[in-house]
Structures are given as C-alpha cells and as structure tokens.
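Labels run A, B, C and D following the written order; every chain starts at residue 1.
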C-alpha cells in the first residue's frame, strides 16, 4: 500500500461561502475521494488546526507521499513542523505541492529561492503536456483546458527543475511551468500549478489523473529512517598511500 | 575576434516577391548587418548555392560560431557537408539554429530526435524570458511581442535542453520552448524559434540582441582541431593491481 | 507483462574459448536467465546472425524494452535496422545499452556525439551509487566492487545525461559516469558501463538488480504506434487575431 | 571591473602552526594574490571577526562574486548575515563555495539539502575534467593531481547540479562531484571541493585557473538591486476573456 497524507490549511473552505459550496468538506476531502478509488492507496488527512498541524512524527513515519495545499496561512505553520517535514523529504518521502503551496515554508526551505511569480485573478488556462515520456503524463492528452483558473506566470523564481512536464498557457498573455519536478535528498517533489480554491479544479478528470500519477512517481526509493549524517571513512591501506602512482 | 559564419539557404528571398521586399539581399545580409556593428565580430557568408554550400573545410576551420537558417531545401544540403559541420560542432564550434532550422539535417543529426512540432501560419507571439541569469538573456526585458509570427507549438520533440531561456506564447492557444540550449561534444548549440521569412523579425532590436548574446555565449572553449578519438590508456602500475583493497 | 527483447551480437562467446567458458550459451542467455525469474517479464532473443538481426518490424512492435550488447561488429548492423530501432525508441520503446554498446550505431544515432572514452584492459572497479532516489538504484548498496573489469574512463563524449546514477572508480586512476539515462522522443535510454565479455559480470547480483530495475524504469509511457509527424494546427478564431492585446 | 569579495573564517591559519606556515596571511590572502594578477578583477576581503563578518549591505552591494571559505565556525556566522548574502545571490551575485564551505549555512539555505558526504584525512586525488565545453574548464588539462588532499566522497547530498565539470578520484577508492554549478534566482553558484587547509592547494596553478575561470563565469547577468517581489498583473482586456476559444 502507498501511504498518502493530504495536508490542507482548510481555511478558505470554512470562511468563504462561495468556496464552501465548491468544496463543502474541504479541498482535502475532494482529493481524498478520488485517490480513495485507487486500491493501492491509503489516505490520512492532516490540517493546520490539528495537533502539530496533524503532522506528528508518527504520521510522517507512516507517510510515503505528502500532498500540500496552503495559501492564506503559510506563516502559521510552525517552523518545527516544517523542519520535520523537510527532514522526512530528504529521507525519501515524496511531496506534491499544489497551486499556492509554491509559497509555503516547506517549498522555500527545500528549493532555496523566493518562488515568486506573476499572478492575476480570473483567467482561462490551457495546460500543455510537453513530456509524454514522463510517468506523471501517463494517459494525458496533448492539452486540456481550465475554463477558469488564477493566472500564474513567468518568470517563476525556481531552481532549474529536473523535469518540466506541463506548460500553462493563459488567455491574458502569460505562460508558466505548471508541472515540474525536483529531487532533494532522496525525496521526489512535484509542483503542480492548477488548483485555485475559487474554481472546482480538483473535480476535473485530467487533474485527478495527474495527481494520482504523481503519487505513484513520488513514492520513496530506498527510504531511510536513520538520521542523515556525514560518514567518516576508515583510513585506507597504508600500502595504497605508498604505492599509488609511483 | 569572434569568427561568425552565417549560412542561409537563400531561396525564399529570391523567389518570392513579398519576402524579397523584406529581405532584399537575403536574411543573411540582415543578420550580417546588425552583427557587423559589433567590433569583436568578423563575418563570413555561406549559402546553399555556393561551392560546397560555402562550408569548405577552410571556412569551418575559421569559424567560431555558425548561424543556420534553412527551410525549404533541407534535403538539398549534401550529407558530406552535414558530417563536416557536425564534426566541427563536436570539436567546439558554436551553432545557432534559427526558426525552421529545427528540421535541418544538422540539427537532426546532433539531437537524434524528429524535432517535430505543431505549426500554423499567421499568429501573434509573446516571447517570455524565464531565465534572466543566462548570458543569452542579458539586457532582455521580461517579455516582448512579435505582432506576426508563424506559430510553433508543443509538444516539441527535442531531448531535454540544457537550458530553456525563452518560452513563446501564441494568441491562438499554444506555447513553445522558443529559446533553448544543448551541448554536443565541445560545441554549444542555441535553438531560437522566431524568424519566419514572411515577417521582418530579424529587424527587431530584441531579436538582434538575443542572437548577438548567443554568439558570445556559444564561442568555443578548448576548441580542438585534432580528430576526435578514443584514448587507449597505458597499463597501470603492477603494484596497484596487486595491492589495492588488500 | 513487460516484453523485453535481448539483442546480442553473439560473436565473442562463439569464437573465443575463454569467453565461451564464461557464457557458454551467450551473454544474452545469461541475461535471459536472471530476467526470466521475474514474473512480469517476457523475453525474446535477437542476435546479429538472425534474419534482419532478429529485429523485424513484428518483433519491435512487440518489444517494450530492448537490451543491446555489441562490441566487435557494430558496423555489421544494417542501417535500415538501426533506423527501425531508432524510430521505435522515439515512439516510446525503452533501450538498455550495455558496456561497449556505447559505440553501437543506434547509440550514436540517438545521442549525436562520438561516445568516445578512455579504456584499458584489466582493472578493478568500484561502482558508486550517487542517486539513491532513482528507481534504477532501488535496493542497491552505496557501492559494490568488480574485481576485474575493463576500464572505461572520462572524458566520456556524451550529451548531458538526464540522470547520472552510478560513478565508476578504477584502481588505475580513472573515473566514469557508469550508469546514466537519456530520453529521446518518448523513449527512455539507460547506458550501463560494466559488462566486459572476458569477466563474469552479468552473474553478479548487483548487476542483475540494476538491469532488472532499469527495465521497469524504461517501460513505455504513452507508447504511440502511429508514425511520428508534424501537426499543422487549424487556424485560430479570427476575432483572436483582431482583438488580442488591443 | 569585476568586483570580487573573498570571505574567509580565518581561524585555522591563526591557531594552527602547521597551517600558518602554509598560509601565513590566511587563505584569503593567497587567493587575493593570484586573483590580483588579473587586470579586470578588484578585490575586497571579509573575515568572520570583522564587523558584520565584513559583509555589510554596502560591501554586498559592491560585490559581483563572493568567494566563501569556512570550516570550523559555520555556526558562528550570524543568521542575519546569511539571509543578506542569500538575498544578494538571488538578485544575481555569483557565489564560489570552496571545500568545506559545502556545510556553510549559506550553501544549506540555497540548496535545501544536508550536503553530507564521506570524508577521510590524508588521501591523494586526481581531478578529472568531464566537460571541456564549460567556461570554468577553459585551459584545463584532462586531469591533474593533488598529492595530498582530504577525501570527500559520494554519495554527496546535493540537488542535481546544473553542470558537473570535475570529478574527483581518490586513491582510497572514492569518487566525488568535485566541481559543480547551481543557479538560484539570478545568482550562479560554483562548488569546488579541493582546498583542505593542511595542504598548499591554493598555490597550484590548475586550482588558481579554475577559480579565476569560475569568477568570470559567475559574474551577474541582469543584476537587480530592487527587492524581489511577486508581480500582480493588470487584468487582461475584457474582450479576451469573452472571445477566446469561442
């Protein structure tokens, strides 16, 4: 079983009537529902208001892939929890950062840049797949459309991604690296831009397919629970020092 | 001095009245003019109809960076000349492939893929700079516009580029990796999408700045005129074989 | 089922007594044996002396991943077969190129460089895993040793790999990018250096694990049997051309 | 003029008699001397014990490239100064991190990983150049040797570098990505492994050549003194929203 934890700050959906109608039980619940249809995926939920934001040591030790949705309350996430998540990513846990999670503390810590970008409310997006060889693109068409999405535009201040799988086209004239991957330590990271809370993005089949693919791609390889450390090596044989290159 | 050779198939500009008006002496002449204003650049011209397409051994041995514009007559470029150019790129000569040169024999030989793409006549393009840290982007704005350009769209069948510096946005709904770099052997390659022959693209200051920057970036490092070869190494000291890892 | 075809030139093992003792039925047979223990893998064999080198259209249409071992007879592989294999890789078939297959026609065609390197008979190698997050490294230790292996050393004339997973250390003083990946079209390529015919390399558990992992990693995503082609897009709506950016 | 600031923690050279003999005025002084021979380079010195570690706002605003050597006192560098340096790198300042600077706060902040590695005192290193096309490799031989150097070995916990230019071979059996580049924001970063304080590494001509090349490569492109910020875009023309894709 692939153990997936969905973290959501879960504020917009409780405070804003319009958004509550779209996601009555929260964005995490919508994501949990479509992931729950996969037989090999097991889901836990964590939200900002839970004890330790729901991300206790125990939860993280039992998480293969962590999904992160945050927007309004990035600063309310405690540094100690961010450090814990970061350590776990470096040990091999996958991380799927959705939409405005680009500005989350955990993404800034892992990527080292500002992750700043252009933005504008209310645009139309076409998501183009530019790498059909990537497991995250499995079963995806050449492009699909989001009638309404917040515009996120270049230049996006990120380190060079390992892979750029999706490019976003916005009707207002912008482009964006909408789906891209990074590796930090042993952990795989996928950033995916669509998912503004005011639109029912996570109900779209293409979006669900991409997130599901991403989870399978991000699963840990050689996960190591031991603390990360520097390794001092034993001295090499004396004769080597003497004889080499003579 | 930086020795630049501009290669142009030079057919459209002689056969089509509309294009002749835009580039009366050929696209190569327009490029030679703006490059000629740089004090450290020395220019040679080569065209399809010249002896050995103007790309003799002597010309190539005196070329630091080769610019390539071709479209209608890719198949008329002799294989022996393509091999010669390829060898020279691998030895360190820079290559700037413009617009429809994506389908030139030399690009297919060096990149190994089809370089297929989507296309459509008559669109409007916005060229976005997504990597302001790159020497080819020096002095460029966040974006600039081409009122008329042929649309080239993803998925573009290229190997993963070393750098993607420009992304193209097209009014009709497509995106494109419009400026990207590759290295093959010691040679640096820059592919740049704008430059359809029916529009006066090469008169635009931003386009001229990008091509000039690209030439400086693509200049040879450790150019080696010797033939490329495998190197058989002398046997290592006997004692090494004996003593190592004991 | 994952359909794997193992291609071997199968000359050394028939002509050289020493090598025949190591691989009495050929290197392909040794590889087929350890892959045959995997329940999800189905194997076909192809050799140089078979009709169309064993790589008919039908065989390739029924191959998910092609393994390639060649050394002495690269030039005897017909160009028409190389083109066929190349086309199939671009459509999505995985390719695992072993040891001296770096100089095969198919690798040169796909990568566009000379793939030259340094070499020397009779050395000792330590293979280091430098990317434990990669699926090809699953279950591998930090390093393992090959008591005898031919030295392949840098500089290795390859394009920048997508991933470098293994680095080779040789007792005589050289290093090598011993395991690295490339993507061409939709096809995934893994080059793996160990496997000189004079030593029983393919019997080593670590080597078998790596090749098995590589096959699973290289399996096609969105395999497309249709011919690769450029796509001309329909004209965009007239009003767009008129109204944009006004 | 290229404005280079050399930062050194400057402790070993004052406290250890052996090291004082090698670098009587500090490692920074040795580096300043060979860089000072370049006519286009202007040097400032900064050390840990200076006011604000010598890295005031004014100094950083007048620095194109910052060299960093630190080992024993990483933790004594104030967080506020680290933040200031990081911000300046993201704006475009180059950073050359030498030897044990892999564990400096600034490198951890920018790269997001542990930068852990293997290590051992007293080894012999061969530094191989694996990318002769890179400006940092200009004029370098295929390899050169360091009779004595501290061993730094893989797996090195870094994000995938933009370029790997040098690989280190150690007589004791390890390999290392000894020279590699990263980009963060507009800033170029070069990490270079040789330079243990107990050996006269920075007097070696090849080492001096590499550091000098690296400075020229890392110089800012489009340096921006303005604060980094997100850019909200004006709404797009109403007609676009209406007419697109109809």
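Convention: a contact is a pair of C-beta atoms (placed from the backbone, for glycine too) under 8 Å apart; a residue touches a chain by one contact, two chains touch by 3 or more.
The shown structure was predicted, so the numbers you read here are calculated from the model rather than taken from an experiment.
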| item | value |
| --- | --- |
| Other chains in touch with both subunit A and subunit B | C, D |
| Distance-maximising chain from subunit C - centres being C-alpha averages | D |
| Inter-centroid spacing, subunit D versus subunit C (mean Cα positions, whole Å) | 36 |
| Separation of mean Cα positions, subunit C and subunit B [Å, integer] | 29 |
| Intercentroid distance (Cα basis), subunit D paired with subunit B, Å | 31 |
| Multi-partner residues of subunit B (each touching 2 or more other chains) | 131-132, 153, 160, 173-174, 183, 185, 240, 244-245 |
| Contact footprint of subunit D on subunit B as seen in their complex | 92, 131-135, 137-140, 173, 183, 185-188, 221-222, 224, 244-245 |
| Residues on subunit C engaged by subunit D in the complex (per definition of touch) | 126, 128-132, 142, 153-156, 160, 163-164, 167-170, 173-175, 177, 237, 239-240, 243-246 |
| Of subunit B, residues touching subunit C in the complex | 86, 90, 109-114, 116-124, 145, 151, 153, 157, 159-160, 162, 171-174, 182-185, 228-236, 240-241, 244-245 |
